[in-house]
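Here subunit A shows up in two complexes: once beside subunit B, once beside subunit C.
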Partner chain A sequence: MMTEDFEPVTDTVEEQAPVEACTKCTACNTVCPVARNTEIFRGPKLLGPESERFRIPQEPSVVAGLDLCSGCKLCEVTCPSQVSIQTYIRRAQNKGARERGRTLRDFLLGHTRLLGTFGSLTAPLANLGNRNPLLRWFMERFVGIHRKRPLPRYQFLTFERWHRRHPRPVRARRKVAYFYGCWVNYNERRLGEMVVAILERNGIEVVVPRQQCCGIPAVVNSNTDLARKYGVQNVRLLAPLAGEMDIVASSTSCGLMLKHDYSHLLDIPGAEPLGARTYDICEYLWMLHEAKELDLDFQPVPMRVLYHAPCHLKSHGIGYPAMRLLRLVPGVKVEEVDEGCCGISGTFGVKVEKYDLSMKIGSRLFAAVKAAGSDAVLADCETCRMQVEHGAGASSAHPVEILARAYGYR
Partner chain B sequence: MKTDLAVVGGGLAALTAARAIQRSDREVVLVWPGLSSLYFLYATIDVLGYADAGAAEPVDDPGAAVAGLIKDQPSHPYARAGRPALEGGTKMLLEWLREAGLVWEGTLARNVLLPTATGTPKPSCLVPASMAAGDLRRADPIVLCGFHGYQDFAPELAAANLRRSWRTGNQVSAIRIAAPGFDADRLFTSIDLARSFEDRGFRAEVANRMRRQISGDGVRVGLPAVLGLTRAEEVYADFETALGYPVFEIPTVPPSVAALRLFDRLRKHLQETGVELFWNAPAHAATVTEGRCTRILLKSAGREQPIEARAYVLALEDWVDGALRAGVHLVRDPFFGRVIAEHAVPSQRTAESIFGVQPYAQLGYPVTDRLQPADETGRPLADNVFVAGGAIAGYDPSGTKSRGGMAIATGYRAAMEAMAAA
Partner chain C sequence: MPDLSTGVVVIGGGSTGAGVLRDLAMRGIDAVLVEKGDLASGTTGRSHGLLHSGGRYCVNDLQAAIECVEEGRILRKIARTTIEDTGGYFVSVTDEDREWEPRFVEGCRQAGITCERISVEEARRREPALSRHVRTAFWLPEDGHLDPFFLVLANTESARRRGARVMTYTEVVGFSRAGDRVTGVRLRDVMSGAETAIACQAVINATGAWSGLVARLLGVEVRVVPVKGVMVVLSHRLAHAAINRCHKPGDGDIVVPALSVAILGTTSAKVPHPEVLPIEWDEVRRMIEEGALMLDGVTTARAMRAYAGVRPLYDLGAEAEGREMSRNFAVIDHEVRDGVKGLTSIVGGKVTTYRLMAERVVDLVARRLGVGNPCTTADVPISDHDDSLDQLRHRPAQLGVPKPHSGEHPLEPLLCECEMVRPRDAAPWFADPAVRTLEDVRRRTRAGMGPCQAAICSYRLAARLVTDRGLDGSQATRAMADFLETRWRGVRHVFWGSQLRQAQVGTGLQMELFNLDRQLAIDGDRPETREPRLPSRRPVPAEARG
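Entry: the complex of A and B
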């Protein structure tokens, strides 16, 4: 028997397949929400692995059409050969932006902590300004933020400061570190409070370590250089903790950065052990349930809700933990609304030249949400929630909000 | 994650197994390897097109031919799955297609002979209603229509091949039109066309342009399968009325709109009826302890994720979705880590002619009479794992045009066995 064998290249690489692994099957193009909605986008196959063959590091980049990729990652989710389509596109975008210079808008949208600090310090004013038509006209004209896109509200009390004053539980059977992300810190502190309440209810002490922005806003604004800088900081701050406890994230995309993109897209040394201990909050709670450690003493929550699975949640490869959890709560009627990408893709749908496309991509979802009717649309991702509220006029919530209510949290 | 039953795969065998389990109100997760087997391999469902891979004459009555094959070859996968599984699975599938809103035709008692995109006749059993009028056994003349700039269907080539290869003397002619709004110098695909066909104005204009080139009464018109993606039934009926001739679609190479319609609807219907789908988490290994599989491992973001089920259906389609992996000398099964075949030189796997009977096509997992993966002595490697679809050894799904029927029969049987074992 021959025991020694030469494996072909594509078989030895566990997750990151080389460009040659692309068989040109075009599966990615068929699911790409941008390619499905505009003819001018050439699709992930051409802009990813096919163009990659012609990209030479020392030569100027050709970036035509690249910025229309929204970064939803459905191409990678669909690829039967596990080709890193997004890695090729993101790195090429970054190189192009480095050569041409970055725009003010993309700089701002990539620096969420800067925006967040400013926004929360000036919260009432900033929120007024974001709703002022004249100011929005200026922002559209001179910054490139579409005036019809509702911007997130900032809150004066950040999650970081709230948590510093939050009393520690007396007894806890274990600790978990919480990656709350910029959204919870500056815009939706209540979500972070609910995550803490749910975990504490289950006998878990929530450690809130110092942290930097996960970097996804920088990635999708053609700046993997900045994202890498943030990632390196996060690995330095969080990797020591990962030796002792699990890390949970309540934002789908933050979690995906920590789990996967730090090591794969950004090549950050030491990121893999951090990724291996990072969990999406619903994934983590379901794990507790399977270990018979989740408190099931729920009050009924009589609500009919729709669940929209964010594209980046599909990329996690963990199934639908939020749907499973929601089915444990008495009174909740949950149905999936399965109409693909919502279209906003983080900051993509905020931009003046992409707003209409983003709304067109989401139109199928909006129509389905309106037709189904519900008390709320649930989505794990904050920008999906913004888009559903804006496009379908529905109210929205993170799935853990239902659990928090079932535990009597007000 | 823990579950009652897990099905691994994204092709017809996997979907059939998941449906059979869901219909029995059992908990099931579907572990999806990416858009692969269904998208590459299924636009029609072929039960048995040729009695063996080298046969010249197509089979007329696939149900009877399978019954004969089961009698003559007791170790053939069809014999192991059994005729009741083929019949029960086919009945279930046809009902399911209807329930999911897909209009299909066919019975196990008859094959139709449909033209492929290159103009060869292919025997199929169950077909979308939009393809049925392409049956080459009918005598009415055919006009094949392509689009300038669309590269995946050349009507002149298909017409020439059909005239040459198909002996009933069908009159076949070819025309081409410019698709309204498409630049022939720019690359476009069947997906782009299919999306445009969902627009009523586009359909009407295409019908106008085609009618101007079609002459003669009693002809039927064949065009690549691009008549709508999400509302295909409506698009087809409307377009046929607008054109005024019977219309049939011809499936194309990927991106195959016909396969996407099938996959999108069935996948969605499974999710609506409570099947949990694991996206982006290809399964690649199984852990067996004391003759039972305790978990399979998925590659999810950040780490390997175990799925612990009471029983498993491995419904993969050989090379395209990772059921088999080939090195230079060895072919392995990644789930159980076995060597399936070894070759002194890789060319032993292939026939001299690309159209010859291919040895690699027969490679796969040896199975027991209950479709469990078997070791060299024929004993099961795991009591609670059942194999379905193209990954089963000992038949050539492409050469005999039996991939669909085998997927249905083995998917259905494996689901029944898995439910009994769980």
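Entry: the complex of A and C
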């Protein structure tokens, strides 16, 4: 079994401390990408631990300003006291939404699986519609989605259906369960195919269990209730598997939910053991390498790539395994663009009132990417990739794509 | 030569003195209040802040309970802005508590206190933090949080608008007499040492635990026993309502939610002098242990500081005549008792009953002065001043957020982030000459009362002394150090866990970043920076120390 041969790269996420632990050091504010780019945001310190002192369960929740928190979690990563800043913000927001009612936009953005099912069933039409200026005007006006924000393209063949037809490998050294998430299922099946190919190349059978949306879109759209519901379903579906095999996720935020937020933010019973066996795909591959199990028979990939580390990856507390992996591939020249948050933060930069802010937050990154003029920008997170493409006009890819190429996958 | 002449001098700026001043002003009697510190810097500002429903006294002291019931109802009418109407629970934890219950219920009935027995499940639904030890619960909707400082301020402001005068940092150091009549008081400015005098027709001694010391200046005796009580402040409310143990009143059996904090208390121990209030680790520990019997989270919550107040317990034993007596407080007519005309003392009582105490003593003094106007303080609301408690509690909501693209000005930076004090909340106080120290600013704004205990806001406030008051750098540094010193006195009793880490951050900021101690040493060589100083460690008389 895997846990016996592997030592995790690091202890993923640290213990969390109660609100009392905050020493008002203000470190969180100094890293918050939103606070750094707008003067109308009070910052994590005030909206998290400071406001938490004034929150009274018996009284209506004060939500002013909370929606400006993008959910990037850099504050939590930075806090030297491990204060669960996000937990306080999200709970207060959820309570407020419960009391005041939820908006159509919150509903739509929180239900990615619903959107995905609809989008993929009507794929060509949906994609056309998403680029139709008139429709976009209506979406901006009535849903609050900024017209300039490119929306993800849907594909007719979902990853789930693809995988059902995919032949199982004959012999495998071990099994691993794949949490592909909504993005791979509805928008970027190819990424899932590559993950499967890479794992199979390394003698690992990929099990694709039934799964629900990880819940992160709901978390950041004032609905931890819904996220919790999803989380409970996922724990029920995945926890039994976690007894037998590791779980990998190719989406940074999905992985973070499984690893950490189910047990901490959402308090889901039984989530802890599931989280302990969940790995980010690159983290997992690097562990294989450390165990001398990774097939290093790479073809050279002559490319100059930039690596952008997504904020949520930083929350994993695993360093940048993608960078380490890429350095194993001959021909690849990888450099980190260390310019902070890209600004999109999932659904944050999609919203009409936040689009400009989102672009402003990303501007440092965009400028650096443009100046570097590389072949592609690599990022583990799908919305980061969307944002870099949109803001810097660069092409982008998940790091595993380079590995897949090095293995001869086309 | 008197510098000023008035009808009545009120000594003491606690709840009693402030209430007396307003009552006098409303009866059209010219009056001056003198207080040696800031308003409410004595017992009043160091009380527990419970607006007593009377439940605590209804078994042992029915009279006191009835006074609380009546006064509580009046205060809800006239001083609404200084009250958080939280209600309270009385909970039983042990078998002994259960035995107390029938007497408690009967006492409530006799005193006319609204008291409803509710199931523990229901109580826990409303107050999820109630501990698993709780066995029965009573709901007393008339308990509340009465903010002593804002109550005093509201009273003195109301009196000021009616022509009364308030002199803070002014100590009464002696009296002038003509024969058996008191004709005035001698005063000393605590900051500058300058002496002045006021001529008056009557003096009301409302100095609480200090009453004996003040009366002694005239050679008369008031037997108050200073009784110390220790309280521990936790960094957030824990419960929305006041939580009392349903038992014979004892130590550590009340938790009062006060704005953004919860206060555990209290103890009871005689002390030799009202200003000798040591806080023992044992007392702090006991408050936390007792509090934890009623509420979960008491042991894990962050204790921010501990403080002590001193009850003016009036020794009834020796007094027989010249006294309108309540078992709760006493009005001492020194003309009848000691043959000293023009002096009256008012001692004992509670913040909750301050208005009644004032009414009683002013009834007597007005009669002596031949003023027939009746007391109207129970009917005329103390008009709202800006910072009502409701606003204070809902500060996060007031901070708000400007809408993007609306062209609204960006967010005001805060002076104190823990308590969310904006510059505009503090600005009027920097302009008020009665505000002499940063400690006074704290009382009026709550700046520095949050978890970091002024680690961060102290330097911002000190900067305002430079911009708004024209102090130079060294003077502002001195003021900042004095302010931190007063905070430190409370914090050092709770040095464990988060507050210890907090102190480390604060010390790093002050000593390493600001080089505060060395700066003080350097500045200390320059005589002009010794002023203005906080009259902090006032010398304690030698006989009191023993």
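Throughout what follows, the second predicted complex is superposed on the first by the 396 of 410 C-alpha atoms of A that agree within 3 Å, B and C clash if a C-alpha of one lies under 4 Å from a C-alpha of the other, contacts with A are read in each partner's own complex, and residues count from 1 in each chain.
Methods note: a residue touches a chain if its C-beta (ideal position, glycine included) is under 8 Å from a C-beta of that chain, and two chains touch if they have at least 3 such contacts.
Quick caveat: nothing in here was measured; it's all calculated off a predicted structure.
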Answer with clash or fit: subunit B and subunit C placed together on subunit A by superposition. clash
Quick one: classify A:Ser363 as touching subunit B (first), subunit C (second), both or neither. neither
Of subunit B and subunit C, which one touches more residues of subunit A? B
Which superposed partner A:Gln212 touches (first subunit B, second subunit C, both, neither): neither
If we overlay the two complexes on their shared chain A, which of subunit B and subunit C does A:Leu256 touch? Say first, second, both or neither. first
After superposition on the shared chain, which partner residues are touched by A:Thr122: those of subunit B (first), subunit C (second), both, or neither? neither
Is A:Cys22 in contact with subunit B, with subunit C, with both, or with neither (first, second, both, neither)? second
Between subunit B (first) and subunit C (second), which does A:Thr103 come into contact with in this model arrangement: first, second, both, or neither? neither
Looking at A:Glu50 after the superposition, I want to know if it touches subunit B, subunit C, both of them or none. Which is it: first, second, both, neither? second
Based on the superposed arrangement, let me know which partner A:Glu39 touches: subunit B (first), subunit C (second), both, or neither? both
Figure out whether A:Gln233 sits in contact with subunit B (first) or subunit C (second), or with both, or with neither. neither
Just one of 4-12, 148-156, 202-210 or 256-264 in subunit B runs into subunit C once the structures are overlaid; which is it? 148-156
If you lay the two complexes on top of each other, which residues of subunit A touch subunit B in one and subunit C in the other? 25-26, 39, 81
So, in the complex, the side of subunit C touching subunit A is made of residues 126, 128, 235-237, 240, 260-261, 300-302, 393-397, 399-405, 408, 410-411, 414, 417-418, 420, 450-452, 455-456, 497-498, 501-502, 504-505
Residue ranges of subunit B in contact with subunit A within the complex: 1-2, 29, 33-36, 39-40, 188-189, 191-192, 195, 254-255, 260, 268, 271-272, 276-282, 298-303, 305, 320-321, 325-330, 339, 342
Touching residues (chain side subunit A, partner subunit C) in the complex: 18-26, 38-42, 45-46, 50-54, 56-59, 62, 64-65, 68, 81, 353-354, 356-357
Using the touch definition up top, name the residues of subunit A that touch subunit B in the complex. 1-2, 5-8, 11, 14-15, 25-27, 29-31, 35-36, 39, 76-82, 256, 258-260, 275-276, 278, 286, 290, 314-320, 323-324, 336, 338
